[in-house]
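So that you can tell them apart, the chains are marked A, B and C in the order they are listed, and the count of residues begins at 1 in each.
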Amino acid sequence: MVKKILLLLLLLVAMVPSAYAQRTILFATDATWPPMEFVDNNKQVVGYSIDFLKAAAKEAGFKVEFKNTAWDGIFSGLLTGKYDAICSSVSITKKRQKKMDFSEPYFEVRQALVVAKDSNYTRLVDLKGKKVGAQIGTTGYFTIKKADGAIAKSYDEVGLAMEDLKVGRIDAVICDDPVAANFAMIKYHNDLKISAIVKTDKTEYYGFPVVKGNHEVLDLINKGIVAVKTKGIAKKLKEKWIGK
Amino acid sequence: MKKIDIGDGAAIPSPDDKQLLSAWWIAFVGTIALLIALPIYDPDTYGAVLAFIPDGIQVTFEVTILSIALALIIGLITGLGRISENRIFNLLASLYVEVVRGIPLLVQLFYIYFALGRIVQVPDIVAAVIAMSFCYGAYMGEVFRAGIMSIDFGQSEAALAQGFNKAQTMRYVILPQAWRTILPPVGNEFIALLKDTSLVSILAVADILRRGREYAASSFDYFETYTIIALVYLLITLILSKLLAHMEQRLNYYEKR
Amino acid sequence: MKNVDPIIAIHNVTKYYDRFRALNNVSLDIFPGEKVVVLGPSGSGKSTLLRTINQLETIDSGTIIVDEHNLGDPGEDIHKIRMNMGMVFQSFNLYRHKTVLENLTLAPIKLRKMHPDEAKSLAMVLLEKVGISDKAASYPAMLSGGQQQRVAIARALAMEPKIMLFDEPTSALDPEMIGEVLEVMVKLAQEGMTMIVVTHEMGFAREVADKIIFMDGGEIIESETPERFFENPSQERTIKFLEQIL
């Protein structure tokens, strides 16, 4: 028994210095949002947001770990302290800011309207009485809800919405433009197209949310973001993951 | 009366069990009290959730009732197939049961939903109903089989000896009696199916759960949302179980002395 | 009586249950109006023999001809043949979900396409006959064994059969109820019904039977009038059986 305790203590001692040296920040990510964050063929979480954060961590001197989490409930996990922050293409909105603190913006995003290749819908008003899909709790979904007359359908993953659009169960999908581009130009390029960018009142940015008041983590992330932006790393990453 | 034991536990209160009866009343009154009190206590959260989900309740009912109706038909055919002396019919029915029982419901839902999408274009609710009833049809088939086999063989013999053929014997003598044995497990399956319809929210069908999740996703009132959702499901299943217990009692009419 | 054709002709019938030979080369003729009582120890094949007559049991070899229909002929509709044979079971087997009246009217309405009113009035006549018309609206579970068996006889009669088969009709009854059932059967016999009765009721056999069949080991050991069977048995196995039973 004593031996076991000693062994345990030894293990703890061995682990502490590394943890102490560099703060590890645990990020939740819903890796179903290509090309921003998704799981590649090697089962690794990759993407623009991921690379951006890794670069920021290097610059600011902290370590990142990712926890793949379903989007639906990703915020409740943060609020209940299951992880320190979220790296999951989270758009900064007023409503969200009431519940959590956001880092500096790291990406400007627009909402894209994805439709079937042979369809003529180019505006949300064209979709009166039509079914329009989006991932649950995303700005895309809120856009549909705000639009007059379209029937909003929420999906757990944007990919499921794209699949339903492809087989004709719904008439359009609204999601962030890099994701829309990924689906419409690569995966389903035979069936789908981006028909328009939905006009919104305000420019929308991604940020990394942290628990309200967690300045330690927030400061580290912001330090990294600024460095990545000013050193031009962000631009390179954009070319790598999104193209022109 | 022979009891057949299939299903995921006794959801139906037994009419002779006073203890259970009072447990039912406590749960029922408590659920209703909470569903009234919580929205009054905090109209902005509890009240808002409750106001958000009614069309979801309707969808849940639609999926449940259509699925159970279809599952009963599939179940009857499967049950008859499982006891049939026709080799091919029997084999097909058994194969169906084996396959369905070996695959988790959630996987079947996904599979049928997306596979169906590639073949025919049907509304999501229809796809959900097909997937649910396909799965539950197999379980119903086993319930029917057990129910039919629980009827004393003398009943068949008496009918056959009078000149009824097998189909007539089944229709006029066996099935009317089997209903009584089948109803409790069918009732359990019914309630289980109602609860399992929450899985179709994965398929973007706007049932109670999805409506709740949509509400929570924009309001962040997770605790309040799932409290209300749990209470709504509980209230529905409590009412259903009571109705089924009542039906069960009425079907017992001919065994009372 | 024997100058007419038999209504049931059983020839060289053999039946196996797996490897057990239940009937061994059994032959028997039964003539219209004849009352045949089949006796024998349990496991002697007497119930099996009775049940082959309406093909509740199939046979492995031999022929059974009922009312000029060969049961082995695939062209024959066994269901039609069965309509002309009433059967009464040891355990009554009344339709439990039907009232007494409905038990009697179900088959005539569905199989004979009888008008429900006609079926009902016929049923009431029969219930009167078996002395149980006051229970017409009751369910079988509410009746005593003796009452149920009398209803079962009436149910069989409702199809207006030419032949009645009784498979140990009193064996499941409490002793005080046996009399009421036998009384109905005696009455039926007096009306001239062709009856084959498997039973252990020696008094009934002596009183009613035109012919006693004694079976043992799947074979017919003896086929005699009651007088000769009871007073002057010729076979050793018969004597042993009678010693045990009387």
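Basically, a contact is a pair of C-beta atoms (placed from the backbone, for glycine too) under 8 Å apart; a residue touches a chain by one contact, two chains touch by 3 or more.
Predicted model, so just to flag it, every value in this text is computed and none were measured.
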Connecting every touching chain pair, does the picture come out as line, ring, star, complete or other?
-> line
Top chain pair, ranked by how many C-beta pairs fall in contact | B-C
Name the chain whose C-alpha centroid is farthest from the C-alpha centroid of chain C.
-> A
Which chain would you call central, comparing Cα centres to the global Cα centre?
-> B
Averaged-CA centre spacing for the pair chain C and chain A, given as whole angstrom = 82
How many angstrom between the C-alpha centroids of chain B and chain A?
-> 38
Please compute the C-alpha centroid of chain B, do the same for chain C, then give the distance between them in whole Å.
-> 46
Chain B contact footprint on chain C (complex, rising order) = 54, 56, 79-83, 85-87, 89, 91-98, 106-107, 110-111, 139-142, 152, 155-156, 159
Within the complex, which stretch of chain B touches chain A?
-> 114, 117-118, 121, 123-124, 127, 202-204, 206, 210, 213-214, 216-218, 220, 222
For chain A, which residues are in contact with chain B within the complex?
-> 72-73, 75-76, 79, 95, 99, 133, 136-137, 141-142, 153-156, 160-161, 163-164, 167-169
List of chain B residues in touch with chain C within their complex | 152, 154-155, 157-165, 168, 172-173, 176-177, 180, 253-257
